[in-house]
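Both of the next two complexes hold subunit A, though its partner changes from subunit B to subunit C.
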Partner chain A sequence: MDKNVVYTDQTWQTRISAPRHKQGLWELVKATPARIGVGRTHTRPLTKTMLKLQYDHAQAIDAVRSEVSRECLQAFDLFSVDTCFQDKETYLKRPDRGRVLSNDAVKTIKEKCLSRPQVQIVVSDGLSAKAIETNLKDVYPALLDSLEASGLKPGTPFFVRGGRVACMDHIGEILKPEVLVLLIGERPGLASAHSMSAYMCYQPRQGTIESDRTVISNIHPNGTPPIEAGAHIGTVLKKMIEQQASGVRLQW
Partner chain B sequence: MKTTITLLNKTYQFNNVKELLAKANEEKSGDQLAGIQAKDAEERLAARHLLAELTLSDIREHPVIPPEEDEVSRLIDEAVDEKVYQIIRNWSLAELREYLLSSQVTGKEIDWIRNGLTSEMIAAVTKIMSNMDLIQAAGKIAVETHCRHTIGQKGVLAGRAQPNHPTDDLNGIKASMYEALSYGVGDAVIGVNPVDDTPDNIKKILTMIKEEIEKWKIPTQNCVLGHVTTQMRAITEGAPADLMFQSLAGTEAANEAFGIRIDLLDEANELIHKAGTAKGPNRWYFETGQGSELSSSAHHGVDQVTLEARCYGLARKYKPFIVNTVVGFIGPEYLYDSKQVIRAALEDHFMGKMHGLPMGVDVCYTNHMKADQNDMENLALLLGTAGVNFLIGVPMADDCMLNYQSTSYHDIASVREILGLRPAPDFESWLEQMGIMNNGRLTEMAGDPSLFYTV
Partner chain C sequence: MHEDWITSAGIDVGTSTTKLIISRLKINRVSGSFALPRFDIVDRKIVYRSPIIHTPLKNREEIDVETLSGWLSDQYQNAGIQLQDIQSGAVIITGETAIKKNAETILHHLADHSGKFVVAMAGAHLEGILAGKGSGALERSRQVAGVVANVDIGGGTANTVFFKRGQVLGTVTFHAGGRLIELDDTGMIHHLSPSIQPWLRHHNIHLTNGSRIDFPLLEHITGQLSQDLTDVLTGQKSLDQLKPLLHSTTVDNIPDIQDIIISGGIGSLWQNIKQPANLRDVAIYKDMGPLLAYQLKQILRQSTFQIIPPLFSSRATVIGAGMQSTELSGSTIYVDPSILPVRNVPVLSIDLTGITGTDDLSQQQLKTLIHEKMLTGKKIFTENEQIPFALSIQGLEHCSYRFNKNLAHTLHRSYRTLFPDAEALITVCQFDMAKALGHSLKLLAKDDYKIACIDQIDVKHGDYLDMGEIIPPSMVPVVIKTLAFS
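Entry: the complex of A and B
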């Protein structure tokens, strides 16, 4: 049996067969990204609507479970170290472990990294390895370009497996950078399973509080465009160094 | 109070009631994160055996958080009806469980006994009840409340329409709200979570919903779920609000992290009764959920079931119209998988009803939890059989503003259909007038939001 099926966003769309007000329905559907005007079979959703929801969730699940490939890290010359996360299940249950680097990691980065760099770049899978796979190829070169244009010098970048945002503080203690930027996968939503955030901090140390961090979130092709985000990060880091501050204390 | 128990030849020791309560819990990642869980499955059962033998007075006399340190503890202890307590104080928790489940005991007896119980006693008995126990006992308790209209009657399953929008766009909110109404959802409340928590914005959304309620004569109530202080300012500036909303936690310190204290809630209570737009006695909408105290490091080493019960001890002071436990929102570090979410939902629903509260449940999960929509459908049906007052309705279960999945408008209609439940009576009459429902079933016209579209 040969059957070839191609789905696009249009194919998934379901509609109410005989709405009271056809133009009105179209205007209502257009007014919100919520899944409305989808119709029903008695009290249950139509098949395509249901499968689309399951498909979006499937992407989110895969994003949480996925790993950043070796090729991706090699392409940007990033070596990889681990936090104390142990495995995916422990990572999800124990956020505290993702905030601390393993002993091996501490040793490795002490050996390999430039100490007291002006800008420390760190990449981490966080809750979505897919976010890194999707966006790093655009964000990273744009970030390096913007550092150069701003006259800022990066140290030795690396990748952290099983990282949480606050692993910045531990890395800050070890390498004492002037500013640190962490590119990390966000918790996947149904709208996007590969959204990345850039967390930035001036002199991150143990005990840094959330409001000391500056964040650019929602970085993905349909959100904050990755290339623009990369360039913007350079500008923000420069401001932090000039003002010796980050987070809520940074003046825009 | 040091306690020991010997099961066959093995002896277990627990240093205090707080430790015993924690170790008797079903497995929860939040208790593991707090480092207070049982070492293994056998110790968990040793704790449960021992807990079953403790008396109600043992629980009361060994408070998990001393009243002198915490205003929630004080409130709960002072609310005990001493006459009832004296009658039951020597009951063991095993006896309390069997009393609640016995065929002679109905909602009427439970209405009486609750006056002698503290939140901690209710939490304690929950730990020695199985899931089916929790469903059967909760099913005896009907809690009717009245704001603009009445919900909570036996056989009624109401729904909150939750028409959130990522930028609070009024037309977007309206569109999603029309979809809800066309599925017969919105009798509990039309309630929006705002992105922008400012008085002006809250007033704007409340006003829009109010105008729609008046235009279509919808028998429901409006609410915008901002911080209580923002709502107070909006209402003082003339915003039309039927309900006041606030998230609650089970300790004074965790409530401080939420920016609230009992005296602030008292002030808000006075305002909503004076300046609110509803006439009924029940003017509050509270939300709770296991894990919030630990997330603000304000848990005092107490387990998340006991802390959740204390939220209800606080909530009942204000005779709320609806209380909603947002059961899977907080993430896998508190409830790891669907098994834990289902257990927590049944515990919360039972504990809330034991406090005499009009309990609803946000049957929900985030994408990094080990759960999916099938789990939520299972849980929605379980809660329907337990007599839950309301469920949350979100377009196709996907909240495009809060970024989590809950139950859908379709799901609420389906739970009613499968279990023979009905919308709130006033709301059902209105649905019939609108041609959306007939004899408790959706009509051909249902599910079409353009029914409410006007040029």
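Entry: the complex of A and C
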């Protein structure tokens, strides 16, 4: 697991030097990924704390600019299509472009994908390709197991480069799946630059509103456990099909 | 937000008294809308408490089961509760009652006939823990830094439990209670419990059934008993030095106690006790209870402990049993509902901390580790071939899919080889991974055997586990009977 590289780097760790109530402090620190109990020098943070903050910020920026490797997609047999995002700069300035698939993409999808599948799986880099690189290997196979355990049938999965959440709607129009799940990289933060979300929707279509989407977020090794998230998605999708609803109207 | 209540019963059959409570536990989603579901018990309400009655006995050796069952069904009727409404809870046989001839039969009879999922408990350590939960000691330990001790003194035993930051450190039980000497207001001893005899001899006091005792001697006895208890709790005397007083212990030394709570019958007498002046004042319950309560209060007050009043006193154990014995599993789990409920399954524990590699060497290591552990399980847990044990998997805070798959294969292979006739495999994971592991196991087990894979429950080797029916949407109530401490 990448965890050693990414997070439990003991060398970064700073602590209050002589806490009055050591166990209480430890419990608080354990309860949150926020930078608490890191110590201070007079009224300022320690140099190490500041460096770690800058380091994490740099990681966040790198995550936005990164690309998902060909190997990662090949490992799961995902073909790749583009939205109308053009390039990363435009992608960041024009969110609307990430919601619409390119003409080529529409054509490829129509050629390669099973139409009207029960479950359509889509993977997209979104704002963090690193999120996909880190978590797909755990979430995706666990998701396939959970579909099997729930008796659900997936269609033809694929990868979307430069996608935004609402690209689900366009894909919904093209393939008409009963339910769609989009695994997409989240906007990187200082706690984690490789956090992924699973957005799920019952019969996504042009005009779907945000409250019709169900989401499991914060999926990464130190957040929502990736294999457990994958395992639970099947249950949620099954409930969507049973209740013919998603988002706030779904009971789960 | 999802909100639900379940009904829970607690029954305490003690040395001198028996009582029942019915409570409602509120279950609510505690995780955010964008997180995986996680539910917990967020509120507890007592909806009925029975009167406290004398434990019905046929004779000194046997509990009167007909009278007890009759009383219980009357109480359920008074409470307006149907048996099938009871979804959790515990019945505990405590103190000297637990050594009665028919105690075990009665315990399981009551557990089976008190609701859908009422768990049988016995043993001084469990009693101590339940009393400490019911008296509020556990909750207090979550708020303070030091050790909070609860001493539940009833008729026959003083069950002591030590909590620190919400965790049980251990329990000690003493032969100290109000009913160890039963007497009338003339000082005539009607019954002298055999369990106080060694301690009396230790102090060169000679008493016999049917003889008379005068007030100064009784004052001396209760005073000495209180002094010894206090000395051992403060650490002035070691547990070894007071062996005659010791019933059982799970610790070698008493930890440094900050706060102390006295519950049980003596605890409730303690609140408004006036100094008994003569035998008539003492013998109002036909035992030495009031004098013991008075003396203990005087002596304990001189110690350095901060004395905290209990939330519940004589009902502490029954409230612990009814309201705080049940936990909820994680909500992303995989359980075949047809095996529920399961009762009294021993726990076999395996620690996989640090073993997360997926290379050949690690795989071989994992295989050996699991196979050897299951062999141990086969040797020591021979009682139930259908479900020989529940395997508790410690560690794996971060579990990759590949490791999860390896783990499932390894578990499946060893279990199939060693327990070909088993009906089900139960695994309890420390961290949130049970649904993924459960799916992997299910895909391997097919319809060969059933799978129950739950998580976020803290169990140790030697504990016993009871698991009730699924509470919607997707969790199970679990009662852990802890016999061992770290």
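In this text, the second predicted complex is superposed on the first by the 208 of 252 C-alpha atoms of A that agree within 3 Å, B and C clash if a C-alpha of one lies under 4 Å from a C-alpha of the other, contacts with A are read in each partner's own complex, and residues count from 1 in each chain.
Keep this in mind: a contact is a pair of C-beta atoms (placed from the backbone, for glycine too) under 8 Å apart; a residue touches a chain by one contact, two chains touch by 3 or more.
Since the model is a prediction, treat every value here as computed from it, not as a measurement.
Q: Which holds for A:I227: it touches subunit B only (first), subunit C only (second), both, or neither?
A: Touch partner of A:I227: subunit C, not subunit B.
Q: Is A:A245 touching the first partner subunit B, the second partner subunit C, both, or neither of them?
A: neither
Q: What's your read, subunit B or subunit C touching more residues of subunit A?
A: Comparing subunit B with subunit C, the partner touching more subunit A residues is B.
Q: Touch check for A:V106: first (subunit B), second (subunit C), both, or neither?
A: After superposition on chain A, A:V106 lies in contact with neither partner.
Q: Is A:I174 touching the first partner subunit B, the second partner subunit C, both, or neither of them?
A: Once the two structures are laid over each other on A, A:I174 reaches no partner at all.
Q: Applying the touch criterion given at the start, work out whether A:E148 contacts subunit B, subunit C, both or neither, answering first, second, both or neither.
A: In the superposed model, A:E148 contacts subunit C only, not subunit B.
Q: Between subunit B (first) and subunit C (second), which does A:L28 come into contact with in this model arrangement: first, second, both, or neither?
A: After superposition on chain A, A:L28 lies in contact with subunit B alone.
Q: Just to be sure I read the superposition right, which of the two partners does A:P19 touch: subunit B = first, subunit C = second, or both, or neither?
A: It touches subunit B, and subunit C stays clear.
Q: Taking the contacts subunit A makes with subunit B in one complex and with subunit C in the other, which residues are shared?
A: Overlap of subunit B and subunit C footprints on subunit A: residues 21, 24, 27.
Q: Taking the complex as given, what residues does subunit C use to touch subunit A?
A: 2, 34-37, 145, 165, 332, 334, 356, 398-402, 404-405, 431-436, 438-440, 442-443, 473-474
Q: Would you pull the subunit A residues touching subunit C in the complex into a rising list?
A: Those residues of subunit A that touch subunit C are 1, 3, 21, 23-24, 27, 137-139, 141-142, 145-146, 148-149, 197, 215-218, 221-222, 224-232, 235, 251-252.
Q: Write out the stretch or stretches of subunit A touching subunit B in their complex.
A: Touch list, subunit A to subunit B: 16, 19-22, 24-25, 27-29, 31-40, 42-45, 49, 53-54, 56-57, 60-61, 63-64, 92-96, 127, 187-191, 193.
Q: For subunit B, which residues count as touching subunit A in their complex?
A: Listed in rising order, the residues are 29, 32-33, 163-166, 169, 171-176, 178-179, 183, 332-333, 336, 366-369, 372-373, 394-398, 400, 403, 405, 408, 410, 413-414, 416-417, 442, 445-451, 453-455.
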